Amino acid sequence: MTHSIAILGASGYTGAELVRLIATHPTMKITALGANSKAGQSMAQVFPHLRHLDLPDMVKINEIDFSSIDLCFCALPHKTSQEVISALPKTLKVVDLSADFRLRDPRAYEKWYGNPHAAIEMQKEAVYGLTEFYRNDIRNARLVAGTGCNAATGQFALRPLIGDSVIDLDNIILDLKCGVSGAGRSLKENLLHAELSEGYHAYAVGGTHRHLGEFDQEFSAVAGRVVQVQFTPHLVPANRGILATGYVHGDAQAVYDSLANAYASEPFVEVLPFGETPSTRHIRGSNFCHIGVVGDRIAGRAIVVAALDNLTKGSSGQALQNANLMLGEDETMGLMLAPVFP
Amino acid sequence: MTHSIAILGASGYTGAELVRLIATHPTMKITALGANSKAGQSMAQVFPHLRHLDLPDMVKINEIDFSSIDLCFCALPHKTSQEVISALPKTLKVVDLSADFRLRDPRAYEKWYGNPHAAIEMQKEAVYGLTEFYRNDIRNARLVAGTGCNAATGQFALRPLIGDSVIDLDNIILDLKCGVSGAGRSLKENLLHAELSEGYHAYAVGGTHRHLGEFDQEFSAVAGRVVQVQFTPHLVPANRGILATGYVHGDAQAVYDSLANAYASEPFVEVLPFGETPSTRHIRGSNFCHIGVVGDRIAGRAIVVAALDNLTKGSSGQALQNANLMLGEDETMGLMLAPVFP
Amino acid sequence: MTHSIAILGASGYTGAELVRLIATHPTMKITALGANSKAGQSMAQVFPHLRHLDLPDMVKINEIDFSSIDLCFCALPHKTSQEVISALPKTLKVVDLSADFRLRDPRAYEKWYGNPHAAIEMQKEAVYGLTEFYRNDIRNARLVAGTGCNAATGQFALRPLIGDSVIDLDNIILDLKCGVSGAGRSLKENLLHAELSEGYHAYAVGGTHRHLGEFDQEFSAVAGRVVQVQFTPHLVPANRGILATGYVHGDAQAVYDSLANAYASEPFVEVLPFGETPSTRHIRGSNFCHIGVVGDRIAGRAIVVAALDNLTKGSSGQALQNANLMLGEDETMGLMLAPVFP
Amino acid sequence: MTHSIAILGASGYTGAELVRLIATHPTMKITALGANSKAGQSMAQVFPHLRHLDLPDMVKINEIDFSSIDLCFCALPHKTSQEVISALPKTLKVVDLSADFRLRDPRAYEKWYGNPHAAIEMQKEAVYGLTEFYRNDIRNARLVAGTGCNAATGQFALRPLIGDSVIDLDNIILDLKCGVSGAGRSLKENLLHAELSEGYHAYAVGGTHRHLGEFDQEFSAVAGRVVQVQFTPHLVPANRGILATGYVHGDAQAVYDSLANAYASEPFVEVLPFGETPSTRHIRGSNFCHIGVVGDRIAGRAIVVAALDNLTKGSSGQALQNANLMLGEDETMGLMLAPVFP
């Protein structure tokens, strides 16, 4: 049986990545591509790397007949996303890649995103899309909220440690290094090649990055108390990849065991042998997340490093993984593509 | 039915690319990985990006039991390749990725590679592996010689024009821009990131690049007379990709028609609308080749630009395409992966 | 004696490069920085890499008191430039970095730039700023028109050959590879790091690039007949640098001798030993141009390769070289900075 | 008066960077270039970007007449350096760029570098070359030990804070991001462009990086007690630059004031306005270090970010700064080159 798929926001990087992945998915077929600003154009015009595919042209979202759609990916900006999804049929399965339904508390949403939430009922319905930890809820969900790409990486590194109480909850530092595609296809001076290439810097320093809303929500829920991490993202001259370096107080072997145990059966999360750490080059273009643990020379301190591809496991690959579950398919279907190296 | 596959020279970039592609191939299974220098190591140690795969460890080539192998890819350096292949069972299907069996004339081989050929009989037997032009021979071949990656790109751009007599055979210039992975994983100063990044240069200028042996052989055969092109490769700071800019004397529309006609039914070669030219970013990681034609302001001159990924369509993807034919499978099996962009 | 310098258009890359170079110039002092869109801001805000310098804040151009200025660099976009320069005092020495005064024939200007020229009298007055060939005129000029960066590179490679009649004037091909900073700090999708990094492509294919106006004008003037070259620029993933590969019909040794002779006394143009070719990495950040010549395997064909930094020798360094002459200083003053490698 | 300068180890990146900087130094002249492996070659052969300079050819170190040398830079690998310097005239001023004389305690040297020190007397004599903190000693020193490039960056960020007791000495984390030129011109697989470009990773995780020897020595000396920091370097795909992100427990304003005060008169260390953080792109190719401080959302925590160019301020620029002092020149002479951006 083939599932009929719509992608809204098909003209951005996460939309294109969804198309790339679904292109070789055995049971999904893209039947509608919505992109208001590019309506009337073919995918080949907007993304020439997809020109070999037999795809519908892009149309305005309100021109799509959703009655024939089995599942809809929504890769629109936040705020737009909640407006669009509110107007969709209430029975349509939706995987949202925006930030709009990640935070269960509307006040948290307003705090981090600056505007009141306009679809509070749906926000309650939404399931947080970190597959490895919400698998059962996702299987039965109608609306799944894809996580932030940084938030996914940090949680893969730290979440089991908090749940297993093997680290000090008041001394968690997460130093993140992100490739530039996470910023999307937006025209900003600091995203120009001439600005970014051969240079790198920290941004949103001091606890102002919006993905902290997700860390706070999830880590506090797991711990059963308020947990706040320090989180500094850095922009590095690479297109894909997130490397999260976590500094924790705890026994390194206990930290390792916690992670190894948590991910022992996971198809996409690989814990490297103790003492080895991952590289973004080894997960590029794939849905895999590699995690490593090293003990520091200072006793009682450990370093956890996690790497994933922000566009795949951090966003569109995660979305497809969730969609597989929602459609009753094997979670890994279409997602076992090997990383592209070099 | 599953084909049992061996890869010799698995520790190089083309070997790793073969593994990446075969990983999702429906009817091939890798049962032996040969790499003398890394024998005893697992693929995950040499190429951590492939650690999720269930692969045999690397062994010395002479330890492989070839009686159970259906097809063997040989991704060894030239000269080594002819020695190794000579020692394999004479009935084993082989796709060689080295330069050893590309040139039908042993004197040409010796001229371009500096040593006499040591397996002249097999050289006669080998079929030149440019699938789109040798498809029928490849289907029945035992030994197929994969083309040079530059040679493939240049031929996709120019070969139909020579066959159709739409260009002046004495005024063909091919200016090529190659990514660095084509040079392999060899430790050379000029391949260091600190040397190459942010800088680019011509090399093998003046007609000394070995792939000219292939151009001379193939273009002359097609034309029925000696054809010599001018060919200058350039190394640019990118990992994958070849962009060939061809300057020809001929009518641009006739040039376009020749190419459009030649590739009308090809699954991997896409001729862009007249006046558009390709980019390496739109074929990266895939088996596609994009070709564009533009007429120059000087009447009677045309520019042909072709782009492909040197590791995929230029090497390992082409090898898999040929292997599919040799094993009676659909030529595109396992190769329809979309390019990875951004 | 210190010369008082104004820079108009200080918020672009060529403006910043002028400031960088003048920062260590012994006899120039920047006393006014004009940038209408950034008026009121300090240079450190717009270009933090210049924050150590004691510079005037940026002001609107019409707020500058030009009576105290000895020389004015104008790094504004074309069309704006002719308007602004028309309104400056008619005695003020001006080095214009835009395209507005490069083409002596107003019809050529209109043809290549799409709008009629609005300052035809000044266009007549302007001297073409290719220092090595217009040195004496520049010394006495009031208004010097900086060349296009591609136009400079191509002329360094080919101009002596045309003047010395050592090549066939009807078979000249110039294949250019440019870094991205030549496109300026403009917000265009194809200049984003995620688009450009790891990919490259041809643009303005077929003879539509505006710098052809300069090639046509200069090469025809030197030859005493109409000369039209074929010219294809390519955008490569690097920030600085232009590499021009010229294909000419002529004796390689005669080609070499012509270039070696032309540049024998030039401080900034270095002709490499016969058979060697340059790399952009070896001129980055400097005012040097390296040129190499190789004979092709096809008798009577030669390849000339020239490399320079588009922001320095191709633009702001050239401008400073010309300003030195106009102010009676040694031409090399402040410009002998060594390239930055790696 | 012109100082006669020798550079030993001229064929490496720090040697080439010294030549680049000295090329425009008003009172230094390079009279000898020692490089045993490249003896007999010209600098232009080994580093074509320096071909415009009038330099002596490289010779074997033992062929240099040191009696005419005023100051010798030694840019050799550690261990070799102590052997070579031991054999130099005992009155010759030497700036060593290796690790051999950085650690005052021979046991510390042996612990971090794996071999006993063979010139313990000289090690005692050597002054640690972090100019801003050892200025007076350096002025009178005969032998100055250049710091590690990571060690310099971390100390610029943290040293005043330790001296001023504004942070908790037991909770200091230093997460460093380094460009690849810091690894030198050595032929290692992980330094290849195809490996490194578009990928990044942590290395020497857990407190095993040798520069920790310097941190331990210096921070403990300043604090008057043992101080151990956590330090994780990361290799990012850029050629030049180090970005150090320091996580400290302390009042952010006090942290800022400590740094602002420490560097108020420093010509090369710039403390950005409170709340701003630096980028490596803004110090590339220069001797400047930019530092920023931000308070975290968690009260009592601050983030300090420092950026410098590993080859300049982190190595050869620092060496020249020290040499200026040793020769009685102004400390900034020849070093006020503006950063190269873009």
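Letters are used for the chains, namely A, B, C and D, taken in the order the chains are written, and counting of residues starts over at 1 for each.
Here is the rule we use: contacts are C-beta pairs under 8 Å (C-beta built on N, C-alpha and C of every residue); 3 or more make two chains touch, one makes a residue touch a chain.
All values reported here derive from a predicted model rather than from experimental measurement.
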Quick check on the contact network: minimum steps from subunit A to subunit D? 1
If every chain is reduced to the average of its C-alpha atoms, which one ends up farthest from subunit B? D
What is the distance in Å between the mean C-alpha positions of subunit B and subunit C? 39
So the centre of each chain is just the mean of its C-alpha atoms; given that, what is the distance between subunit B and subunit D in Å? 45
Roughly how far is subunit C from subunit D, centre to centre by C-alpha average, rounded to an integer in Å? 36
Can you list the subunit B residues in contact with two or more other chains? 13, 181, 194-198, 237-240, 278-279, 281-282, 284, 341-342
In their shared complex, at which residues does subunit B touch subunit A? 13, 16, 19-20, 23-24, 47-53, 181, 197-198, 239-240, 270, 278-279, 281-286, 288, 290, 311, 336-342
Seen from subunit B, its contact residues with subunit D in the complex are 13, 180-181, 183, 185, 187-189, 191-198, 237-239
Interface with subunit B, subunit C side, in the complex: residues 171, 173, 175, 177, 179, 194-203, 205-208, 212, 228, 230, 232, 234, 236-241, 243, 245, 247, 275, 277-282, 284, 292, 294-298, 301, 303, 305, 307, 341-342
